[in-house]
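Which chain is which? They are A, B, C and D, in the order written, and residues in each are numbered from 1.
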Amino acid sequence: MTTETLIWLIPLPPILAFFLIVLFANRSKALSHTIAVGAAFLSWLGAMIVFVRAIGTPELGRTPFASFINWIPTADTWLKVGVQIDPLGAVVLFFVAWTVLMIFIYSVGYHNFGQPKGDHDIAGLPPHGASDEHGHHVPSVEPMYSRFFAFISLFAFGMFTLVVSDNLLTLFAGWEIMGLCSYLLIGFWYAKPSARDAAVKAFMTTRVGDVFMLLGIAFLYSATGSLSYRDIFQPQVLGALASVPTPIFGLSAAGLIGLLLFIGTIGKSAQFPLHVWLPDAMEGPTPVSAMIHAATMVSAGVYMVIRMFPLISLDPHTMTIIAFIGTFTAIFAATIAVAQNDIKKVLAYSTISQLGFMIAALGVGAYVAAAFHLVTHAFFKALLFLGSGSVIHGMEHGVLHTGNHEVDPQNMFNMGGLRKKMPITFWTFLIGGFALSGFPLLTAGFWSKDEIFTEAFGTGHWIVFITLAVAAFLTAFYTMRQITLTFLGEPRTKEAEHAHETKWTMTAPLVILASFAVCAGWVGIPQDFLGLHLNPTWFHEFVGSTLSVMPGAAPFSWIVLGTSLVVALGGLFVGWLVYRNVASVEQDKLQIPLLKNKYYFDEIYSAVFIKPATWFADAIVYQTMDKLLIDGVLHFFGKAAQAIGSVVRKYIDLLIINRTIGDGTARVTQWVGKNLRPIQSGRIQQYMLVSLIVLLAIAGLLYYLLAIV
Amino acid sequence: MIPLSWFLILSAALFSIGLFGVLSRKNAVAILLGIELMLNAVNINMVSFWRYGDVSQMAGQVFAIIVFAVAASEVAVGLALVISVYRRRNTVIAEELDLMKW
Amino acid sequence: MTVLQIFFLIVALVILGSSLMVVTTRNLIHAALWLIVTLFGVAVLYAVLNAGFLAVVQVVVYIGAIAILFIFAVMLTRKELRDRGPQLNRGWWLNVIIALLTFGGLFWMLQSWNGFSKTAAAFPSSYDALGQLGNALISPNAFVLPFEVASVLLLAALVGAVYIAFNPPSGDSRK
Amino acid sequence: MNFWYFWFDPINFIARWLTGLLTGWGLASWLTSLIIQLVGAVVLISLMMVFDIFLVWVERKVVARFQDRLGPNRVGPFGIFQPFADIVKLIIKEDITPDGADKVVYNLAPVLSLMSVLLLWAVMPLAPVIFGVDLNVGALYIIAAGSIGTLSIIMAAWASNNKFALIGAFRQVAVLVSFEIPMIATMLIPTILAGSMGMNEIVQGQQTVWYVLLAPLAALTFLIAAIAELGRSPFDLNEAESEIVAGFHIEYTGMKFGLFYAGELLHAFTFGGFWAILFLGGYHLFGLENLGPLVAVLILFAKAMFGYWVIMWIRYTVMRIRIDQMLAFNWKFLTPVAFVLLMLTALMNALLRPASSGIYIAGMLLTNVVLGWIIVEILSGFGRRERQKAEGVATAAASAHR
């Protein structure tokens, strides 16, 4: 099989799995997850083969694996769809395939496969546990198990489509499929009002970004007549785009298109100011949070910007905006994360913050650094989310054991000391957390973050560099806070004492992802690290070759290395120091209302957008326009028609039609009927006789008449 | 050879006898008997026209068969009606079944 | 007068005589039996007309099914086996006139047609009328549609007859 | 040479001789042929009537053996003259016509009954050159003659002015009208296979392979429908001695009863014959029929006797079923099966006809086997459900009792 054919086939298994599960397998839980995991495995296999072939192909950046077909005829040309794997696509495909497969496997355990049906579980709510024959409370299987696998399969299809597509149109299709799946999966437990609201919020918020993105795509198509990367990234096309001015903000066409597309990313990757949906999206099941809201879908936003980098980078204004948004988001989300108590919310804000890092890196032109951080982040953030899911699962076990359902299994202040109860989870979580913090030398996060710092420093973006350094310090701090609160110290509740390790289907993905969280960074060790002369950076060479001009690597700097060591180790140490002995929420000094309430962004949006919109809808549209104006006109017509009608009725209808014509015909009919009544004797033979006589008479008459003529 | 007119006259006579039966018999079943006679008269005409016309045109025979089908349906439904009426009204005299009058 | 003509006259006499008995006899069972004689005579006429298939079908359908149904119906719709009293309506002489008029009208109409007394060509000896009939019944160019319609009619009659004559297990309709 | 001519075509030999004789007397040719045809019919009918007497003996002997008795053994060797004694007895009995009977109809009915059976022999091809007429609608003719038998039963019952007779006739007519349908459907299967409704062509079509091999299920269905048509056990509820004494011929005595009785036996034998003709190859038996028409007649009679024996075997082995069971059996089982068979056979015949004869035979047989298997599966499933229902009722009753 040629590589191109294989690339076409990669997205297929998940969509087939989706239809198979929805149409046929939805009765059998085992069959459903077998199909879904099997499909994910097939896609993984295809992706791995493609990846291996990609790294073995020299000059892949110039001649990527590509194949396309004509799809829609437009006036004199064709709208083409196709697949393309260049070095960037290959590495994205690599981590997407791995995380998707891991998360699929993890979901089997997370949804308690093999456990009995719940005592009073209903579809639409998380399972409440079941009692076995000994009266013990054990976790119960998810009632909508098959549906979950169908949805994540569809999601995987969307993600793979997005990665392998060679044009913005199919990318957008995958993008929107993922948006739909995100909506469906956040609202998976639809009987929870909070989940429903979160689903709607996520969908609506990303929709804002998507509308702008669609505008950008449309603009791009009208400007260039093509949506395929190959055509757009031709130097002459880019040059033309860069030189065409637009009336908006004095941006060039390229800048405006880039900005519009970037707004799509803001929505998808939860950047300020459209970040509000991501924390709420934690209402979904944890594998969903891991996959959609950490590893893949939100990465897709960043991926798109990286993908469109040649276009976006044409306009310095756009780049400035991107750098600003990314940097601001990074620090802003990090400060919120510090004050969150929910284990998943911390990770959610951390995700926003880390995505901000990537965006900021792109804003300063650090193409490879952004891609590198995208890959490493996907691994360690998926690991962290899955680890948190494992922790929650363990805590739920404790909750089931004690039967005290008041205890929130997601609140970190209810945990503590879990390292002994859940060793595998602890160690993998620790690795993930250290990777997130950028623990020096060992972890992947260090290398990718370091590269971002180097680039920001090297290109002279001082403000970006300092802000990101602070954000990185906060990152290390809240990560250590989380680890300390969750795993170290002594159990703060009985539930935490009774938590225990989860099944292998959940821990095995953790271990695999943990190994990636460590190893994935080693491909990006800078060439002149510590002034040594190492091998050329493989990742830089490989991904950088995607661009027509290989970006130069910023030179090594001791200042940067020192900064990154200080912020990482310092943040970790401070976090441990502060939270070492914290026993309850009250002792936490960082429960600042401003941070705890996320800078009141939901309230601000409510006041600025939702309330006015509601008011406008109610007062202006409904009360004034609808009721007063339109209804008034209609009522006027109605009244006028009624008046005319009553006049007509009184003088024409009643008088002429009823009295004369109506009653008159009735009377005549009655009279005729009365006199004709005897004919209807009810005797069939008499009827026949009469009709026969009439027939004979008419026949005779006709014959007579015809004979005369 | 028998001329066509013989068949036609026979069928006209049979038809008229059937008509008389339909008009005159009191019993509903007997009325249906008359109808059968009339249908048979029609069929004789059909078949003889087939025979005395172009025998390769099967329309005459085909419609004779369709008349068979119609006759069978008519008898089945008609007799079912008669029996049903007998159950309810205890009579099959057509003149007494004059419920549908003014 | 050929043998065949004599034969025809005999059959015609039987048909007319028995059909007159059908419409005049007092005993309804006898009327039905006379009807069978008539139908049998008609079947013989079909055979004379080289329509052997129709002759047999006439026997199967009319005698085997319809006449039997008549006898059944007669038996099921009486409390005693004998029919008493007049079996004809009061104004039956008027109906005689009507019937005679009909016959006269038909005869008059027919005799004014120029093909009235034509004779048939000899029946082609190797002509497979039965096969032709079968082809005509199922050929899309010929009569498949009327044939199918007839079958639907039969089905409808079957269902209708069952429904009408069905005696509801409970209810006071049977008194 | 004269002898061989006679041997290979006896009927035409005699006919030619008679023609010569009669025209020699100066008779018109149409009269001659009429007389010859009449003579033929009379001879055939007389032979069958005589054979009927033999059948009485066969029936009595066979039933006796089935019931572990000896049967008639006093009059003549093996009691072979017992039927003659029976006839004498029937003739000397008083001929009763009940009061209130419809005399003409009453006396006409037994004649019609026997006539309907004898009519059947007109289309029976006894040998390649010995047959009454070769009607091209032979299969339908059988049904038509059968409907006259139905008529005779209802006439007899009605004319007897007897409640039992009428009940018997009602039952019999309902059964006959119902079972005619699977019978016609299964008769059409040999018709399809032979491509003709004529009995002669159906027999000739079985030169190489008997249709019982091509359509065993149809043969079985035809046999069942024929037994119902005959009104023999297990479908003998028109007589049902234990319930309605003797059914439609309850009032008949003497030779009039004898006519019914003879008609019934001959009817059974005739249907054995038709079974043989439609499915068992008629007079074909591995080329033996080529030895001469009389041998062919013997072969056919032997086969007919086999059919007759099967009918008797069933009659004296199986118990009578109720009228509702019987009608349900027909409408809910036999008729659908017959129609499925008809459609399937027509389809398979059209598909397999072009193939070689081995494949053709194997294919048709396989079709029948598969269909039979499906039918048995459906029946056993149905039976299991019924049994479970019955057991459920029983256990419920038992628990209620407890």
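One rule holds for everything that comes next: a residue touches a chain if its C-beta (ideal position, glycine included) is under 8 Å from a C-beta of that chain, and two chains touch if they have at least 3 such contacts.
Remember, it's a predicted structure, so these values are computed and weren't measured experimentally.
Novice: So which chain ends up closest to the centre of the protein, judged by Cα positions averaged per chain?
Specialist: A
Novice: In terms of C-beta pairs in contact, which of A-C and C-D ranks higher?
Specialist: Looking at A-C and C-D side by side, C-D shows more C-beta contacts.
Novice: Please work out the Cα centroid separation of subunit A and subunit D, and write it as a whole number of Å.
Specialist: So the centroids are 80 Å from each other.
Novice: What whole-Å value do you get for the distance between subunit C and subunit D if each is reduced to the mean of its CA atoms?
Specialist: About 28 Å, centre to centre.
Novice: Roughly how far is subunit B from subunit D, centre to centre by C-alpha average, rounded to an integer in Å?
Specialist: Distance between chain centres: 33 Å.
Novice: Enumerate the residues of subunit B that touch no fewer than two other chains.
Specialist: Touching at least two other chains: 19, 23-24, 95.
Novice: In subunit A, which residues are in touch with two or more of the other chains?
Specialist: Subunit A, residues with two or more chain partners: 685, 689, 692.
Novice: Determine which chains touch and list them pairwise.
Specialist: A-B, A-C, B-C, C-D
Novice: Can you tell me which positions in subunit A touch subunit C when the two form their complex?
Specialist: For this pair, the touching residues of subunit A are 685, 689, 692-693, 696, 699.
Novice: Help me check something: in the complex, which residues belonging to subunit B touch subunit A?
Specialist: So the residues of subunit B in touch with subunit A come to 19, 22-24, 31, 94-95, 97-102.
Novice: Provide the residue numbers of subunit B that touch subunit C in the complex, in ascending order.
Specialist: Interface residues on the subunit B side: 1-10, 12-21, 23-27, 29-30, 32-34, 36-37, 40, 43-44, 47-48, 50-52, 55-56, 58-59, 61-66, 68-77, 79-84, 86-88, 90, 92, 95.
Novice: Note which residues of subunit C are touching subunit D in the complex, please.
Specialist: That would be residues 3, 27, 29-30, 33, 36, 52-53, 56-57, 59-60, 63-65, 67-68, 71-72, 75, 81, 130 of subunit C.
Novice: Which residues of subunit C touch subunit B in their complex?
Specialist: Residue positions touching the partner: 2, 4-5, 8, 12, 15-16, 19-20, 22-23, 28, 31-32, 35, 38-39, 42, 45-46, 48-51, 53-54, 57-58, 61-62, 65-66, 69-70, 72-74, 76-78, 83, 86-89, 92, 95-96, 98-100, 102-103, 106-107, 110-111, 115-120, 123-124, 127, 129, 132-133, 135-137, 142-143, 146-147, 150-151, 153-154, 156-158, 160-162, 164-165, 167, 173-175.
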